Amino acid sequence: MKRTGVFVCHCGINIAGTVDVKKVAEELAKHPGVVHSEDYVYMCSDPGQNLIEQAIKEKKLDSIVVACCSPNLHETTFRNAANRAGINSFRCEIANIREQCSWVHKDKPRATRKATKIAHSAVEKVRQNESLEPLSVPVTRRALVVGGGISGIQAALDLANSGFEVILVERSPSIGGHMIQLSETFPTLDCSQCILTPKMVEVSKHPKIKLMTYSEVQDVTGYVGNFKVKILKKPTYVDPAKCTLCDECTKVCPIVVPNEFDLGLTGRRAIYIPFPQAIPASYTLDDKNCPDISTTIACGKCADVCKPKAIDYDQKPEVIEEEVGAIIVATGFDLYEKENMAEYGFGKYPDVLDGLQFERLLSASGPTMGKILRPSDHKEPKEVVFIQCSGSRDPENHCAYCSKICCMYTAKHAMLYKHHVHDGQAYVFYIDIRSGGKGYEEFVQRTVEEDGVVYLRGKVSKIFEDKGKIVVWGMDTLTGKAIEIDADMVVLAQAMRPSKGAQELAKKFKLAMDKDGFLAEAHPKLRPVESVTSGMFLAGAAQAPKDIPEAVAQASGAAAKAVVILSQERLFHAPTVARVTNNLCTGCGMCVAVCPYDALSLKDGKAEVNEVLCEGCGTCTATCLRSAIQVKNLTQHQVAEMIEACLGG
Amino acid sequence: MAKIDTLKEEARKLLQDGKVKYIIGYGAGSNGWPAAPLFIKQPEDVDKLIWDPTCIHNLVRFLVDEKRRKGKEKPPDKRPVGIFVKGCDSRAIVVLLQEKFIERGDVYILGISCEKAGVVDDAKLAKKLAGKKVITIEVDDENRFVLTTAGGKIEVPVEELLAERCLECRANFPVIYDVLSGEKTKRAVDKPFGSVEKIESLPVEERWAFWKEQIDKCIRCYACRSACPMCYCDECVVDSIQLAVSADTTADEKAGRIKWIQRSAAPSENMIYHLVRAIHLGGRCIDCGECERVCPLDIPLRLLNKKLEKEAKELFDYEVGFDPDLPALISSFRDDDPQDFIR
Amino acid sequence: MEPNVYLPRLAKIIQIKEEVGGARAVKTFRTELVNGGRFDYRCGQCAMLSVFGKGEAMISISSSPLVKDFMQFSILRSGRVTAALHDMEAGDLIGIRGPYGNGFPIDDWKGKNLVFIGGGIGLAPLWSIVQTALLRRKEFGGLSLIYGARTSADIVFKDELRELKSQMPVHLSIDVAEPDWKEFIGFVPTNVLDKKPAPAGTIAITCGPPIMIKFVIKNLKDLHFEDEQIYTTVENKMKCGIGKCGRCNIGFHYVCKDGPVYSWAELRTLPQEY
Amino acid sequence: MEKTLAKKDFPQWVKKLTSWKIYLPKKDAGGRWNYAEADGEDVLETRQATLPPKTILFPQNEILLEFSKSRKGNAETLEVKEVLPPAEPTVVFGVRPCEAKAAWLLDEVFASEPRDIYYWMRRENTTLVGLACTPPPSDNCFCTSVEGSPHAEEGSDILLTDLGDKYYVRSLTAKGEALINAAKGLFEEAKPEDRKKVKAVHTESEKKIQRELKGARAVSEKLKTMFDSPFWDEEAMSCLRCGICTYICPSCHCFDINDEIIDTTPLRGKRVRTWDTCQFPDFTMHSSGHNPRPDKASRLRQRLLHKFQYFVQVYDKFMCVGCGRCITMCPVGIDIIKVLEKVRDHGA
Amino acid sequence: MAEEFEPRIVAFLCKWCSSAGSDLAGVSRMEYPPNVVPIQVMCSGSVSPLYIFSAFNKGADGVLVSGCHPGDCHYIKGNYYARRRLNLVKQLLEYIGLEPERFQMSWISAAEGTKYTQVIKDFVKELKPLGPQSKLRRTP
């Protein structure tokens, strides 16, 4: 039976001001299958909803169309009303005659005609909507956190402390991320390592956290509540249980390579511990640099000196499969590539550094034991130029976005420099100072007022070396004067970029990326920690440039979102999924190829839908040459009727 | 011109050994056209096989029938079917493999290279013969068709009689086969899309006038899709018919068949039919030209399909029917696909 | 001007009764012509029903010609037109043209016993003659009905069948066992063998799915019914209803015009294309 | 009535028929012959048009009726309007005698009760002017094998025979006479020598027919025994299941009826009759999915049996006029003569 | 005086971007001509070529398909398939002689209410001089 009711909302004068709502209701009453049609001043109000419920009951309606505002606003309201009156939620459709009609048109007769067509089209759709119930799936109550920086650590701890098992996967040999490289943190000047290491230890000791360092996620399949992940555990060739951290091995290792932790300011051996506080506290034999490990004939020196026999050349990469219900991606950032900053002599002149290198110079445990010394000649620089927006806010040449934290860390750098080198002079080139945040503005003021850092508004036009100095040419746009500084050191406030490999990771996880390569959140305002794939959440700088408190807050937010899933026995999934008409399917597999969620597969020569994986996007529908696959409640038949209605009359 | 003696012997052996279910090849026609499809089950019938430039039919179409037949056999005879293919026809097999319609083991491919020639166009041939009846057609060493008629021999350079599609052919020898007869001579085609470009160069209204005149003729006998090896759907989307109805088809499914076009052979409906067919052949048509050949009203349907072949090549660097492992044109994309047409 | 045979008469649905729900829904529609009443027809004849915009479907008339107020159709929801009919309500308008076909030679059967053998929706064409035979009860000998459906839910005319039991033996069956089912379990042809209608002076009239008819006839033959004693209806696809469009053609017959009612003696001489 | 008309006067005749709509075979831009409207430069040629003049009497699309529907509250309004073909007098010149004979066969189908008004309105308004075939228009003509001839008169209102510089004009019906009377002055009474000549031309033309099916009546009888033969499977192997053979056939007349929507708001549409063919797989498909003619073999058998057996059984005529179109046009060379010969010789 | 020709346009709008973008245009009260009737789809990738042909067949003077900018697809890659598929449709329609202006595609994000407005304004403006589309329109 097809008995449709149509309810046209005035929305005060929001709709009725431009659309003749009475006429729309009258026109729709003529439509075959429409057995009830009325208008009301505010459909979403209690009396309005009562009106709908009453009509459904009295006229035995089996479907309704509410012509009102955008479905994003009141679809749920009216579907609930329909439900209360005894019809399935999916038997209610919204005709958007406000945002898409009354608010954008002035000509009343034409707007009325358009509203009528929109409503007609909704009637055609709803007539063929099936009554559907949400799909229910059980939940694997464990989580995966990818990335062992501060965000990943925080998320893992929050989840573990909520009672859920967590697998924390980190690509490098130790957790800690970039935060462990930092000296002090703004605006409080807390020692970064001092506040982070207790958390790292907590992770390593937590009974609910399974820490997998030197590991990478290879493959993710499944869906919210039921992901299957394959994790590649790379061999470290060192058994942490046996390693006593005696450090004898590094002494004999003949291979020296740049030390990543110090951003190349120092070197390390092929067998190494990234930094003294590393978690897990163990050595790693880096097989990319150990020349012989690939042929399994290492020089053997490290093994020879290792008393506890912790070194095992026979370790092999291992793929570990885990099942989890939710995933938090906290893959962090890298600094904008040095190669792109040739204009500032970065990479060419040893005394042009990036922010992280400068952090290492500032760090008490850094290569200079906290002394500010030029890499080129180990002299104390007396004039240091800091250049903000290096690689950011420059859509023509570099990144268009504001990297957000650079103003603050530059202020910190300049201040700390002054604390170390009292007779030195720090200059900061800036475009604007962006210091929104608790205590941030005060911090910048302090840098200027107490520490006498000179802020120059303007861009640096040229940097070149001359007689052992780095000459910086720039323009102070406030005074209009050209500026030339013979600096001893230049520090670039490099933009934050998504970490290397984020793109590949996004593909594996089926996450979307924004135009800058950061992982895209589901909604910029309302769903900032959710990814586009349900059950996967974003934390930290993987999503956008952010500072430590923001990263921590988002990590906790993501953990809370994951808990929402993990705390449930079963999950519900929208039932508007694809369905195959077996008789028509020839098993060509084109739909399988286009499905973004691997929800389709071929079985016995026919396409098969995994309803839980299907998000109902309908790309399969448009691909199928035989119209053999359709998304429930937006079938091609429905669209065909909607097209007819849009063009009729 | 390739000789098929070796293929005949191969065919005979296959049948004698029971290695194939039957063989689809070319035999003598009877309705005024020298060649016609021939189905051979007995080894002794192998001598009925012929090969000449009138072997124009794309026999791959019959694999569609075979699949239906096999679906009804209990138990199915899973032996392969032997099939004679030209270069273009072999590409149809590649697409069928790509779309998993058949498996490689379903066919035993007897390939024939067209070498420097190809097949003849019926209209051009009729014009050349001017009422005379042709007895045999061969290709001589100088790449001329030699037409033997009761009144003597006529020699014509191949280009004058070749089917249009052969003049634009980019695969004049089979790309997939089990045995091959003839040389793999690559023929230089300087304008693979010349015919399409000619239409493209017309102003929009003239293009429309051209196509309107052609499509208006359509009587919707559906010979084009019936002859097409790619049109293997049980039910065509533009039909409101219920071909794919089976006992388990629900009433809703039947009622939900979409009438994309009306049954009336009106110009608009004909045009939509041909557009749908063309777009569904995008990245699938291998330009065997059968649709155009079989059309009783001589609608140049090849030009529609060829257009999308051209776009697939030029926009997406996609070539149809060479690689069975390639994803379909429309089920793949590249990050840098052109989008200058999008606002 | 001669009448246009393709032009349907407008009719109003005056009553709809839901017989069977679910995927194989059946509804019974009572209709009257817009200017009132109905047209004349014989038992076993069909009419072409129109749902304008959807098309036409040939449906057998299930009411008795002796009932003058309405024409009744029991319709299985199976395709575009019948689905549209199922969506209609009392008061809605449809088109009807007909009647078509030969109908049952009921006058030839005077004095005979009639055994009706139906399966599923196949009871609808029989229903017209069952009702007529009851209304002309004195003209016939013994009447009985053997009827079955897949499940008890698929049985049509449930209320009417209950009533009918007081007027003639009614042997029901369902294909597979159900908890509360007290009657025969098994296919209709098996039930025929079980109930063993006696061939002497009897006409067997069967209607149902092709496969059922095939075995009913076989079993009737086993019970020594002559070919001339067995009647059935053929339901080929029809479009025109007047023997022109070619669709229902079997041999030199057009089912819509020369059928749909055949004695097995006639039908067995025609090609098996139904 | 038997007259002659100078060939040069033919265009005059056409011009005088101002109250008729006139069709005759014309060559289109692509070199094909079609029945097209007269355009002032009209000559007759013995050519076979791709589509027979069936397209005029039984057009591919025929609107049967129009309907519109609306609803007000619970009350539905429905309007159904009969649409009849325009009652315009029409002449078709140059009809091949076999094609005219096909009309005579169609008459049987559409005249059998109840009469089909759409066909008859067109038929009664249309005058068919046949032109005897000298020589046969196709290599595949075989009219003489199916009880026809290149100068058959069945179905024609007038039969013209080309006598070189003039046409021999034999009027066969009142409709034909009206056509002659409309241009009286152009015609001369036929002379005895003309009559003689006509006979000679006719005899000569019969000899020119190149194809022959011997023993068509015997084939018809034989077909009765062939229904269940595996023969059909073999013969249908190369069939593509397209509709060419039947769509271009002068005597095939199967059709479909569908509702076509013009607008849905409110509902407006038309009921249209369109050509259909027993060769399409869905033709006989029941809505249950059961198909009495499920394969190519049963459909090929249907086409041949309908033409050569069922129709013969009812009307004592072949439903084939031997025009040879289906042979010439079949993309895979299925040759009705060859198939029927095989039937005839089957099991012999 | 004859009424000015007002083209009838069907727009297939992706629910996540362009349809939301049109909502934003509404919320921002940006005025544009009422010629377009939108049909919301889940993704531009779900827009079958049949929809386009059918819309023209049913009398559309113009058809618009609008989806998410490349990289922004809610379903990761649906718009890439749409881009390829509908490019072929566009090429084909132009090839048979339909005016290129009649079928258009756009990328409009949820934030681009202004762009939506502009696209519609431009579309209507370009269609007006062409007059009604009758080439693919079914005969009434």
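As written, the chain order gives the labels A, B, C, D and E, with residue 1 at the start of each chain.
The working rule: a contact is a pair of C-beta atoms (placed from the backbone, for glycine too) under 8 Å apart; a residue touches a chain by one contact, two chains touch by 3 or more.
Small disclaimer: the values here were computed from a predicted structure and weren't measured.
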*Selected pair, greater C-beta contact count between B-C and B-D*: B-D
*Can you name the chain that lies farthest from chain D, using the mean of each chain's Cα atoms as its centre?*
A
_Closest chain to the protein's overall Cα mean, using per-chain Cα means, please._
E
*Please compute the C-alpha centroid of chain B, do the same for chain E, then give the distance between them in whole Å.*
35
*Length of the line joining the C-alpha centres of chain A and chain B, rounded to whole Å*: 50
*What is the distance in Å between the mean C-alpha positions of chain C and chain D?*
38
*Which residues does chain E have that touch at least 2 chains other than itself?*
49-50, 54, 77, 81, 85, 138
*Junction residues of chain D - those touching two or more other chains*: 69, 74, 76, 256, 258, 261, 263-264, 267, 285, 287-288
*Send over the residues of chain A in touch with two or more other chains.*
33, 117, 594, 623, 627, 636, 640, 644, 648
*Name, in rising order, each residue of chain E that touches chain A in their complex.*
6, 8, 10, 20, 22-27, 29-34, 37-43, 45-51, 54-55, 58-60, 69, 71-78, 81-82, 85, 117
*Interface residues, chain C side, partner chain B - complex*: 23-25, 77-80, 82-84
*In their complex, what parts of chain A are in touch with chain E?*
70-72, 96, 98-101, 103-107, 110-111, 113-114, 117-118, 121, 510-515, 520, 532, 594, 596-597, 615-619, 621-623, 627, 631, 634, 636, 639-640, 642-644, 646-648
*Within the complex, which stretch of chain A touches chain D?*
29-35, 117, 120, 124, 641, 644-645, 648-649
*asked:* So in the complex, the part of chain B that touches chain C is made up of which residues?
replied: 240, 242, 250-252, 254-255, 257
